[in-house]
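Shared between the two complexes below is chain A, which pairs with chain B and chain C, respectively.
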Partner chain A sequence: MWEFFARSLEASTIFTLAALGELINQRSGILNVGIEGVMLFGATLGFIAAQLSESYLLGFVVAIAIGGLLGLMHGFFSVTLGADQVVVGMGIWILGFGLTTYIGNPYTGPLGMDRIPTISGLSPFFYLGLVLVLVTWFVLSKTSLGLRIRSVGENPAVAEVSGISVARTRYLCVMVGGMLGGFGGAVYSLFYNPVWNYNFLMGWGFIALALVFFSTWNPWILLGGSLLFGTLWQLSLNPQLVLPGVMSRYLWRTVPFVTTIIVLLIMASKWFRIRWGAAKPEALGVPYLKE
Partner chain B sequence: MLLEQVRHGETVLEARGITKRFPGVVANDGIHFEIRAGEIHAILGENGAGKTTLMNILFGLYQPDEGEIWIGGQQVKFRSPLDAIDLGIGMVHQNRRLVSAHSALENIILGHPKAGKILDLKRAEAEIGELCERYGFSVDLKAKVWQLAEGEKQVVEILKALYRGAKILILDEPTSALAPPETKKLLSSIQAMTQDELAIVPFITHKLPIVLAVSDRVTVLRQGKVTARLQTEGATEQSLAKEMVGREVIFRLERVKAEKGQPILQVEDLSAASDKGYLALKGVSFSICEGEIFGIAGISGNGQHELAEVLAGLRKAEAGTVWLDGTDITRASALERWRRGMGYVPAERVDVGSIGDFSLVENVTMNYYFDEDYCRGGVVRYRGIRRLTKEIVSEYSVATTGPDSKAKTLSGGNLQKLILGRVLSRKPRLLIANLPTQGLDVGATEFVRNKLIEAKKQKAGILLLSEDLDEILSLSDWVAPIYEGELMGIIPGEEARRDIVGALMAGSVTGGAAR
Partner chain C sequence: MRLGRYELKLEKRLTVSGWEAASISILAILFALALFSIIFVLAGINPLLAYREILSYAFANPFGLPPTINRFIFLLLCSFAFIIPFRAGLWNIGMAGQFYVGALAAFGVLYAFGGKVSRSADLPAEIVIPLMLLGAAVGGGVLGGIAGFLRGKLNINEIVVTMMLNFIAYWLVALMIKEGGAFMNPGGRGESFELPASVHAPLVSNVPFTLLLALGFAIYLYFLFARTKIGYQIRAHGLSPAAAQYAGVSTVKISILVFVVGGALAGMAGYHYFAAVPGVYKIARNYGYFGDLAFYGIICGLISLANPLAAIPVALLFAGLTVGGRFVQGQLSIGFGVDYALLGVLMITLVAFQFFYRYRLVLAKGPELEETVDVGVFR
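This part shows the complex of A and B:
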């Protein structure tokens, strides 16, 4: 049971990191539907770097750097060129899917390094995740930078006449968001399940994306949602540990995805929009182009 | 900052020969004026006179092609609004520049250098509270902007500029969205500001009497040029209008008495929710007869928009009943209402009233595709609609290159004429006209009003929703001021007095509600 609990938290942490990055993105008005791709890149390149150098540190640094670069690329298309953000995001996902399959293929198999030690039986990244949630919440709601980010996401024209550079703020957010996505991917491939395989993530990034909507853009609700989804995910992998004999394990596999669909359906309902509508950044997904 | 210490009457801002050209038009042509500390200096002009361009230049959004701006005796160049703000210019936009999901306080301190890295909301609130007290503003700083009334949002913008240290306050149509009592409060606040040697520069198209009441000097623009510089003392409404328009203007409209007929529309206890989910229209009852104009006067956001949409079948009624010619149509679809003889002129002529990329013919089709005469077995008879479009274009004098040009090429006034024409050509029993003349210039406004009167003569019932009190008073047989979703009274047109209706619009029941 403890084992199950600890594994659930490890899974939750990955959701927390990736979704937190996406939340920062979205608060500045930029939608990146391609976090799956960012995570795949971070996970694969981090895995390769760690294996070749036999250094976890280098693995994580590479993962965070590539995540940041992909974030900046998303920023270049959606902020500077004003392209459709959904299309750019899908492009990043497909690029990540294809390119990591090609690059990672020779490294298929286990990482072959000592496991990262746990702290009182729990993943060290879990504690880091908690700190990052706290920091994100503090920055967004209590600081001048946070007010600038939120204003840019709500109404970039207003931010601009108040003397704020919309482009710079958004670039900062997409970069940090990408870094967190790449980091989350590396936590998967270097800690949670240190084996490289073709398309190993299988939808974690998309669940993280759904989590951001689920959270109504609030880091604390996002943390709660990650814990829920992490547990569900773990349950879907090993249902026999907790609920032996209830439903086929193939049905359990679908549970996180069915839950995602249900969450998104509720989010799309009129009731939800009216009740919580004000929470969504008004300029989300809308390119801001000066006349 | 160049305007740290200013003495009364000192020139704080000077525009020297400002010229700005756009493809095909000279928007500003050698504009020259000076603003002094502690004065209210109004800039007057019709739509298209170049006011907006001038404002954008003074706020650093546009760079002038020629000419210089001087502040406090030094020549300055604005590369962006930030430069203008830093030099002491504050701008209060007509289209509010506020983040609606944030609190008033957060909006005021947004981008302020003093906000610090970690926000000190308590200190900011105390400082802004002081400003409020000094100039007599009252606004809940913790409320979200979307919860505020139009007048309060304007106060937030003014506070934002003042908190930023503005010495020259540019106000874009400051009274256009305000009810008379709110206007009064604003004017007294403005006068308090001039005591502190601030220069106030309102840009104004309508409501000339207000200009006369408070301003010290007036600069009039026409077709991009300064046509007059006047002391307000000695000027009259007539003389100002003449300078603005370039000809004598008649301010009076005749109320036409049509023979009262059968009741067409009856509304009982009608309620509806706004987009945000709260009840915006609360149990409204009235009826409209043939040949009557029923005018609903109210400041935007008091439920009139929801009323228009419920009646047009675009919004669900939460409670109440609507009868059209005795038939209950409360649950009828928009299409059925059109078929039963209802016509709808939406307030949003660009977003709801037309499709910009469609031709005029196609836009006219939108009101005729369901009509047997113009559509057989699902095939639209474009030839007939083309003929009809040409008739509308000539009868309503829509300035266009032809029926096949796109709707987005029309100016606001011409688009409104087209929309009105396509609705009235159906000879509706009941016309719902929501803000039919908003944003139109004098000529188009006159035209639209005359068409409404013509429809009334042909026994149509008309529901007129407007923010323009003069329009309501001069056209309506019945005047119903609306406030927070309730009709404050239904007053016969001849008895409706400006001051009473104005007070009722602002929610003051002491105005003596007549029913």
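This part shows the complex of A and C:
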């Protein structure tokens, strides 16, 4: 049971990291529906780098770097060129899905390195995730940088007039968001399940996207949501540990996805809508081009 | 930027003519293929040779051409599943799930008629085949309809919902065809029971009749968008849901309609691949691969600017590239997944080229006036 609990926390850490990146993105008004692609890139290239160099550190550095690059690419298309952000996000997802399948295939199989040690039985990344949630919350709501990010996400034209560079702020956010996505992917492939397999993420990125909507852009609610989905994911993989003999294991695999839809349904209720509408960054997904 | 006597500058387009849009799309494809040759170069293969191998296998080889045509039918139906909602401004990325459920529903019909009992079962083809096709359409349509309803009625993000439904459908297929599922092959090879020979889909000169169906849909959809009231309403909704609503177009109705029809077509692709393609006739063990290929429908729909007729040559090209790509993988010993990599490269090139739908590079100065139409796809 303890192991199930620990594994659930490991899984939720991945959701936390990826969704936190997306939250920062969205707070600045940029929607990236392609986090799954960013995570796949981070996971695959991080895996390859770690395996070739036998260094976890290098693996994570590569993953974070590629995540940041993809974030910048998303920024270039959607901030500088003012493209439709959904098209760009879809592009990054499909690019990640397609290219990592090709790149990673020769490395199919286990990582073959000693596991990263745990800290009092729990994933070290779990503690790191907690710290990052705290830092994100603090920066976004207590600092002038956070105010800048939020104002760019609410009303870029007004922010620009008051002397904030919209483009620079948004680039910063998409880069940090991408880095967190790439890192989350690497935590999956280097720690949670250190085996490379084709399209192994199976929807983690999209669930993380739903989590951000669910969180009303609040890092603490986001943390709660990731804990819920991390546990559900673990349960869907190993239902026999908790509820032996209930439902086929294939039906269990659908549980996180069904739950996501149910959560979105709950969010459609009027009570939630009002709060959601108030919290939503006003300029989310709207291209802003200085005339 | 100055080039000699000329000045190169960017100019904002307000509208794009049909031919301009088409030439941008063709340039995007050519650029993507040029970019993609890096993969061949890295593998130490002359890209021109590789492309010649791919295309000649796909289009001029007696073994390659039938799979290309079957892949084409599948991609075209998946493209429509994307195009129809996209015309209404909605994103259906659930063609994979709709494809799976379509296949399940078709086999469900067959199961109900006792098709599992024996491969030599003599079933009334003229009843069973239309019902299987209808079942596939209903199955895909229902799955699409869920997303359309949630989007239209409750304003829930359709991208997340269709993606979640993809995974749900993926595992439902596993539930049905593996480990004692109702459709499991008695041989237990992780695939479904086989279609009795009596209900193999009719072939028109060795090509499944679904080819005519898909081409017919292309023409029908083209006229639907261009000439009918409902097509006009869908397009109006795509340009501005709020304005359309003001003009009396129901968001709920349009959302459900486009997703049900789109899903139904992806569902029929499920019938096509697992019940009509000669030599398959069962839900294959690697059904997930076909679900992945269904995402080519997104690119095909975007590159053809959501024009159902333009989707025909694009789908044919991509069908050839994926089938031929798989072939040269073995032939030239390149790594696995060339078709996946191409999917990614095409998509990101298209994203980059999206820029040119809104801006043009102009040499010299002086604006020229042209007759233009608004394609209204990339708003």
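Quick note on the criterion: the second predicted complex is superposed on the first by the 285 of 291 C-alpha atoms of A that agree within 3 Å, B and C clash if a C-alpha of one lies under 4 Å from a C-alpha of the other, contacts with A are read in each partner's own complex, and residues count from 1 in each chain.
Everything below uses one rule, namely that a contact is a pair of C-beta atoms (placed from the backbone, for glycine too) under 8 Å apart; a residue touches a chain by one contact, two chains touch by 3 or more.
Since the model is a prediction, treat every value here as computed from it, not as a measurement.
Participant: Clash or fit: how do chain B and chain C relate after the overlay on chain A?
Facilitator: fit
Participant: Have a look at where A:155 lands relative to chain B and chain C in the superposition and call it first, second, both or neither.
Facilitator: In the superposition, A:155 touches chain B alone.
Participant: Check the residue A:195 against both partner chains and state whether it touches chain B (first), chain C (second), both, or neither.
Facilitator: neither
Participant: Does chain B (first) or chain C (second) touch A:52, or do both, or does neither?
Facilitator: neither
Participant: So, A:143: does it touch chain B (first), chain C (second), both, or neither?
Facilitator: Once the two structures are laid over each other on A, A:143 reaches chain B alone.
Participant: Taking the superposition as given, does A:253 touch the first partner, chain B, the second, chain C, both, or neither?
Facilitator: Touch status of A:253: second partner only.
Participant: Per the contact definition in the header, classify A:241: touching chain B only (first), chain C only (second), both, or neither.
Facilitator: Neither: A:241 stays clear of chain B and chain C.
Participant: May I ask you to name which of chain B and chain C touches more residues of chain A?
Facilitator: Larger number of chain A residues touched: C.
Participant: Give one of first, second, both or neither to describe whether A:282 is in contact with chain B, with chain C, with both, or with none.
Facilitator: first
Participant: Quick one: minimum Cα-Cα distance, chain B versus chain C, in the superposed arrangement, integer Å.
Facilitator: 6
Participant: Under the contact rule defined above, give the chain A residues that sit at the interface with chain B and also at the interface with chain C.
Facilitator: Correct list for chain A: none, the interfaces share no residue.
Participant: Would you tell me which residues of chain A are touching chain B in their complex?
Facilitator: 142-145, 147-148, 150-151, 154-155, 157-164, 274-275, 277-279, 281-282
Participant: Given the complex with chain A, which residues does chain B contribute to the contact?
Facilitator: Where chain B meets chain A, its residues are 59, 80-82, 85, 91, 97-102, 106-107, 109-112, 115-119, 144, 146, 160, 275-277.
Participant: Quick one: which bits of chain A touch chain C in the complex? Just the residue numbers, please.
Facilitator: Of all residues in chain A, those touching chain C are 33, 77, 81-84, 86-88, 90-92, 94-99, 101-103, 105-106, 198-199, 202-203, 206-207, 209-210, 213, 248, 250-251, 253-254, 257-258, 260-261, 264-265, 267-268.
Participant: Hey, which residues of chain C end up touching chain A in the complex?
Facilitator: Chain C reaches chain A through residues 39, 91, 93, 150, 154-157, 159-161, 163-168, 171-172, 174-175, 178-179, 292, 295, 298-299, 302, 335-338, 340-345, 347-348, 350-352, 354-355, 358, 378-379.
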